[in-house]
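In structure tokens below, several structures.
In the two assemblies presented below, subunit A is common to both, partnered first by subunit B and then by subunit C.
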Partner chain A sequence: MAEEKKLEVKDLRISFTTANGKVQAVRDISFDLYKGETLAIVGESGSGKSVTSRAIMGILAGNAIKEGGKILYGDKDLMKTSEDEFHRIRGDKIAMVFQDPLSSLNPIMRVGQQLTEAMLLKNKTSRRESKVAMNRLFKALDENMTAAGVADAKTDLEKFKKFGIRHSKLESEYTAALDYAKQAQAEAESVIIHIENKAVDKLSQDITDFCQAAKKSVSHFVVRDRAAELEALLGDIKSKTAEAKKSKDYSAVLEDFKKAKSILDEAVSFDAPNTFTLGYYLTFDEDKIPDMPVAELNELTHDKTENEFMNPFMRRAEKGVRYSSEKTDAARREAISILKAELPVFEKAEPDRKECEAAAKKMKAAVIKCLDPLEVIKDSETHTFESSIDYAVDLYFGGFKKNAKEEKRFTKATEKHEKASRGGKTPDWEVIPASYINLEAAHQDMVDTVKDMIAHFEAQIEANKNADFAQRTLDIVDNLKEQEQNSVYRITKSVAREKAIKLMESVGIDEPRRRFRQYPFEFSGGMRQRIVIAIALTANPDILICDEPTTALDVTIQAQILELINNLKRERDLSVIFITHDLGVVANMADRIAVMYAGKIVEYGTAADIFYDPAHPYTWALLSSVPDLDTKEKLQSIPGTPPNMIYPPKGDAFADRNVNALVIDFEMQPPMFKISDTHYAATWLLHPDAPKIERPKIITERIERMQKKRGETK
Partner chain B sequence: MERITDILISIPFIVVATLFQMHLADKVGSFVSLLFAFITTGWIGIASRVRTQFYRFKGQEYILAARTLGASDGRLIFRHILPNSLGTIITGTVLIIPGVIFSEANLSFLGIVNLETSGITSVGTLLSGGQSYLSKFPHMIFFPALFISLLEISFNLFGNGLRDAFNPSLRGADE
Partner chain C sequence: MSEDNREVLLKVEHLSMYFGKGNFVKKAVNDVSFDIKKGEVFGLVGESGCGKTTTGRTIIRLYDATSGSVYFKGQRIVAGIGSYVSELKALRAERKTADPARQAKIDERVTELRAEIAKAKHDHKHAKKDLVTKIQMIYQDPISSLDPRMTVKEIIAEGLKIQGVRDKKLIEQKVFEMLETVGLVAEHATRYPHEFSGGQRQRIGIARAIIMNPEMIIADEPISALDVSIRAQVINLLNDLCKKMGLTILFIAHDLSVVKYFSDRIGVMYYGNMVELADSDELFRHPLHPYTRSLLSAIPLPDPETEKNRTRIRYNPLTDHEYTTEEPEFREVLPGHFVRCTEKEFEQYKKQVAES
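Right, the complex of A and B next:
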């Protein structure tokens, strides 16, 4: 199975207006980010790394012009998303770690407050969204199943919904009780340690917290058999604490705490019930949880649900899914014919605005029908077609309109400039060109948008020919279950606190309970960066963008932080975009590396490709300036500075600083040459007619050494 | 907006107070018209102070960081920016009090405001009354002067104390 694409950046172009003219920060960048991988973007300062990441987060500076391209995430194109929509994406979908840990924490908010803020904030919206998504999915299933000729689709779904509600209630009760039990367990442990160490200041508060959490952990699947025992213990602890508070001697409660902890330890390790099937059992069979071990109970309810309901339901639902998919394919075929019919309107040398808008309208209407209402992984291309074509058309014609006004200013300014220079002085200012928008590119954009859409539909129809509908149905049902759970999963303040403390532990902060109440200025730099990472992870994002997270830290902390990001990535299956200027840092982090120079990706490949087989002279230069133990020679630095992007060079941007530059490097931009399936580089050296230029000695030697070492360890 | 306040702030307070006394005092009494004068000019300083503070914190990286976590504009304003600027704003507000007291004393000393028509006395009136007896009875000046100095100092100290209280990094020491 192909890996799941999380984020797709296509032909991204971003510029900034400045007093001196337009600076092209990012020129035609494309890359994909897959689930669970680390993509490192490496380059010098000013190469457009941060601009790219900020475009993804939607926090570009005010003077940025989005010239074109797409950033596809889910059903959205992040280049055209409004600020309101971004509020929903940021945090729980995409999160970011900034470079400077000193300034990315609010100095007057306690660390704990900052950690829980995003959790509480996001929980509310995610509950609401899940509910909406769930209802929409139900409705779509209903419609399609009825249309496919399933007679009792309505009753089926009603049934599903009915026990779904029961399921989510059970689930939320169970998870809440379990969360409380875990919290109480952790509190008890810390209290025991405190008593044993005779550190009893403020202990009574902790004890009250413990009692509250322990009380709430009593439920059918958590603390059940020994609930009476636990409650007796709690009462005992309370009365003893009142005395101990005065005498400052807590040794009397120690024994009780140890007992309570053992109860909780046991409770936390119980088997989890299958709440989904249990929900079915309770709704349709017998409204009482039968008294038997959880494993047996799970088996019983599972068999019942599968045989009585799920299996026949799945067969019927599959019909609906198949029907919906076929309907969508038919719509796609129609859309392709419409798109192909309208394409010439855009392809004309001088397209007409009215015609284009009419064509765009027709196309939008056709494309919007091609959305399969039963899709689980959202089809971003189709979702974003409307905004893309509107944007492309607006950009092209808007560019024309702006021209008339700008042209006037331009001629005026040129006259003034000439007058000044005729007077014998050279003016210290330059004429800003009239057009900020490249019309040719905008025109191409319009045409490409339509062409891409056609290609995409064709690919989809092809893929649907041998689709596995049973699997798809299963995905849909799983998705329904998940949405059901999410829509009732409520994070309270104390749960959020417990989660935050666990998170602090997992990013390697000692005594998280005490640290939780501290202010950022009480932490050292490395600790603060850990907090920043923990905050970015609080809302469980899909994608984590790290913008030079270790640059401000010393080397030992740097290694720890990198290790931490790596571990978190593995645990949570995160996709990470790691931005840095230091190739040494990414060596053992990245799955794939994109080397950027002057707003372009010059080389793109897996970590092994880049380190063992670098192709672009700039990558050579970067590699040879990384210090390592065995290198005896003087390290090479790269002469010169990156080009001024107000006047982007005609040829290869690196040619000026390249010792081995070819003549063509100054005249034409090299295309991306394919070296292997995973490895691409933009340099004329890869052209079949190019002269053979050896890599610098320092690199070839190092690669040999590395390969030898790799061989030894194997 | 900022330009308008810039223009307004450049009008001397004494002129505004005099105008109010001349035209409003007959109708509503000198005390009320003095209050009017303070209110119409007093907001300007605070407004620009609040604005500066908000602009200062708006650009901070942690505001951006909170934004990347999905905090809405309202939340950013009330949960992040306002608490940060609150210390300075409140301190500034408290420090306005001695300023107001002093300018009132000034005005009544110069005789622009005569609060005695409203049946109230003021340090300024006492001082200007005592001025003519300065060589014979110096204590007539000394006590009102001492009083106003102490008032000023204590309000200033109060303001400083508030500033420290709003800054957790200064508070942490005794916790």
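Right, the complex of A and C next:
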């Protein structure tokens, strides 16, 4: 998959200080999240899955120690982002659905207000931010094009900007009308069903809704020719409804609704206009939409725009992009030489703080120049180099400070350990050193940060050698279009209200209009959770983290909510991190699955890998403890409890509860063994010298059964 | 089937439980009938808010039933008078305009009804206390159902004390015995609930229920608040107890794969009505009611291939049924397989079963 990486977690280590000592919650986990995929993190409570998600959201508890690692998102490293900056990311770019819906709703605010609040606030800032980003991109393009020898770059860009805004306005008008038409169509259908079944109790509100939506759907491209007819029908419906409300007999309006629905059915299926080229046409040719079928209109405006403007513009812009890329590559080469020259300062056995800081300063200055102003996908490694190197240096030199409390704990733990070994036992836990970070690891981190940067630059220079600049220019233009659209897209209170009601409907809340004005305590648990999901989605986030969102819901609702998340994922290219302990849920949702145990990822693979070819004993245990519809035999529960992470086990953390544990499981931590390109597992069973241990019967039988079933359906 | 000869332990007849008054009546349970045989696990499923918990609570008399009755080992333990009262009212209204012959008949019926009401009230009041203690309940949330200020021993022994057992040694011995039965150790008796994990807390709840030596347990979603690995432990425990003590269990849950695994018969509820009732295998083989089909199609399975191609069946009571001409009734399509349907649907279901 050569897809865009949305989030990259690297060697994440998080601990918590507690009264009894330091608890290692997350130990060295790494994973990537690609655009538009669902990554499921599965594990028992206490396995560190929620801690990972909280680290991504920047809402770790106060006693958490970030021991190391990176979470790269866009141009930021979320492990080192300040609280102020996080405000821009949290909820907006990365949204989270918590396990307990009550705790994420404000009890004294109406649900509707909570739903629209974020939309209204966000719209303001996102308009402003899009404008800034757009102008910055325009400026960079202008500079680079001029530097590359393109004459009159400015006029070109001005032109582009002007009709781009026109296009955005057209586009939002068109989509709004289309949305209203679709809504009215759905309302009409439901009203017809209600009338036919004589369930007319709350029909008048539905009819009013329908009339409003239908009225707003009339536009040049949607209802068009039959607008007059529809309006006449609406008037008719209104007057008849007033009578029907008294007599409770709605059969008179039925015919009207059927007609109105046929108009809307037709309207929804019309060709979509190419608003981009139409924008050009309207700006520079004639300020009136010509009266011709949409297909012809599209062709006319398309040809005109391509020949007159886009093709030459693209060729010229490409020159600028190429120039900028070459310039950046030169800066990168220079930076590599500087980084290489300064690296020995860090590599010394006992580095000096002053020297290191001076070297880091030089490096930072060189690296910051290596940012391509025309990048579309943000180069997170380069952006975060500054914070990473600062953090690594601080961590290493800060580690020399003595901490009285930790010293005390260390002596106590050492005594305990020695006492145990004197007694003839070999304790199965390790003493965590007193210095609250591992100095060796911190030193290595420092060196690695620089080395990684060099490798990254080299890879980029290599990649640029045969880059497709035409494609890159196209990406930039697409990005500009999107920013333009965002900068004119205005959400008013009434629009937000309509959107919120639609969202409430799509998460399966009955009578959203009435519910809109209620308080959270008036909802049942399942309903509250839907509201929370709706709120998380209002901001249209990049990444959605779901922390056991359906654990408290029943199957039908669970299926609905999962379907909803899946649909949204597809529509908006959303990346989802789905945290759960229910493997059945995961099978439906996940593209890839990470199984976590005691703060480590023990198995990692695609959904098919995990379900059809599980390798780690813990995954076996998880799979065999859930019954499916054909299970008859006794379930296998996992004996014991997860290990106490104040005394992390020396070997495989699961060894204690594993019936088939090998001797080495108690002594050494297994590395990640590669099973296939997508499938990894950390268990000694995969070592070539390991004895062959069969999976539990319950799993092999289930897999066989599943394969047989699939064979039948095919 | 030979199992049909087993004694009927609990018989629920036309049970209704309405909340609210006047125009705002919420029919949480509406005319539900079923019976549970001795030693059987009866599963009750449905979405949240469909009245399964209310049914359980009405049986154990946490609510006073609106109408209908519940018989436990032949004795009436719950008796609602709502249906009699409404009939009485209707008759009185009718009497005003009726001719003398009809009036006499009405009078006769009114006396009958009055006697019925008196009997129901009497039964309801005097249902033997020890009979009711034979039914115990396990609650959904192991955290909120245990008093945080009582030790485990006090929690488990509370029922015995209320029953008048004063012998401290006997109580202690019984508590330890129960702890052992549910897989805890005697040391745990002096601890407080917060010191236990979720699965252990649920075990305490089970111990509290079984110390009364009940014949029947109403388990209200005992596993939905637990982690997967612990779920299996609790299900296995309940299963063992069921076999060892010959318990009868009314198992209320929404996780269908667990209900299927655990129950002998399953009743499906929808908006206060029982819509389908059958043997668990039969129900999964021939789901007849559209709501049951929709419910079954929503079960998540640990199989990504089938999951990705799954199409959920949607249930819309307005379009799936034709109830405008005829009120649906609970009918027996196959022996032991009941569906709530109209006459027309009944014929159709019969045909459907015969074909498959």
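Rule of thumb we're sticking to: the second predicted complex is superposed on the first by the 530 of 714 C-alpha atoms of A that agree within 3 Å, B and C clash if a C-alpha of one lies under 4 Å from a C-alpha of the other, contacts with A are read in each partner's own complex, and residues count from 1 in each chain.
The rule is short, and it goes like this: a residue touches a chain if its C-beta (ideal position, glycine included) is under 8 Å from a C-beta of that chain, and two chains touch if they have at least 3 such contacts.
All of these numbers come straight from a predicted model, not from anything done at the bench.
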item	value
First, second, both or neither for A:121, with subunit B first and subunit C second	first
Touching partner for A:88 - first (subunit B), second (subunit C), both, neither	first
Subunit B or subunit C, by number of subunit A residues touched	C
First (subunit B), second (subunit C), both or neither touched by A:461	neither
Touching partner for A:104 - first (subunit B), second (subunit C), both, neither	first
First (subunit B), second (subunit C), both or neither touched by A:194	second
Touched partner set for A:585, first subunit B, second subunit C, both or neither	second
Contacts of A:646 with subunit B and subunit C, given as first, second, both or neither	neither
Subunit A positions touched by subunit B in one structure and by subunit C in the second	none
Partner subunit C, residues of subunit A touching it in the complex	44-45, 193-194, 197-199, 524-526, 551-560, 562-563, 581-585, 587-588, 590, 607-608, 611-612, 621-623, 625-629, 631-632, 634-638, 641, 702, 706, 709-710, 713
Touching residues on subunit C, where the partner in the complex is subunit A	46-49, 197-198, 224, 227-233, 235-236, 239, 254-258, 260-261, 284, 294-295, 297-308, 310, 312, 318-319, 324
Subunit B - residues contacting subunit A, complex	60-62, 64-72, 75, 79-80, 83-84, 87, 167-169, 172
Subunit A - residues contacting subunit B, complex	57, 59, 87-92, 94-96, 98, 100, 103-109, 117-118, 121-122, 519, 521-522, 532, 535-536, 538-539
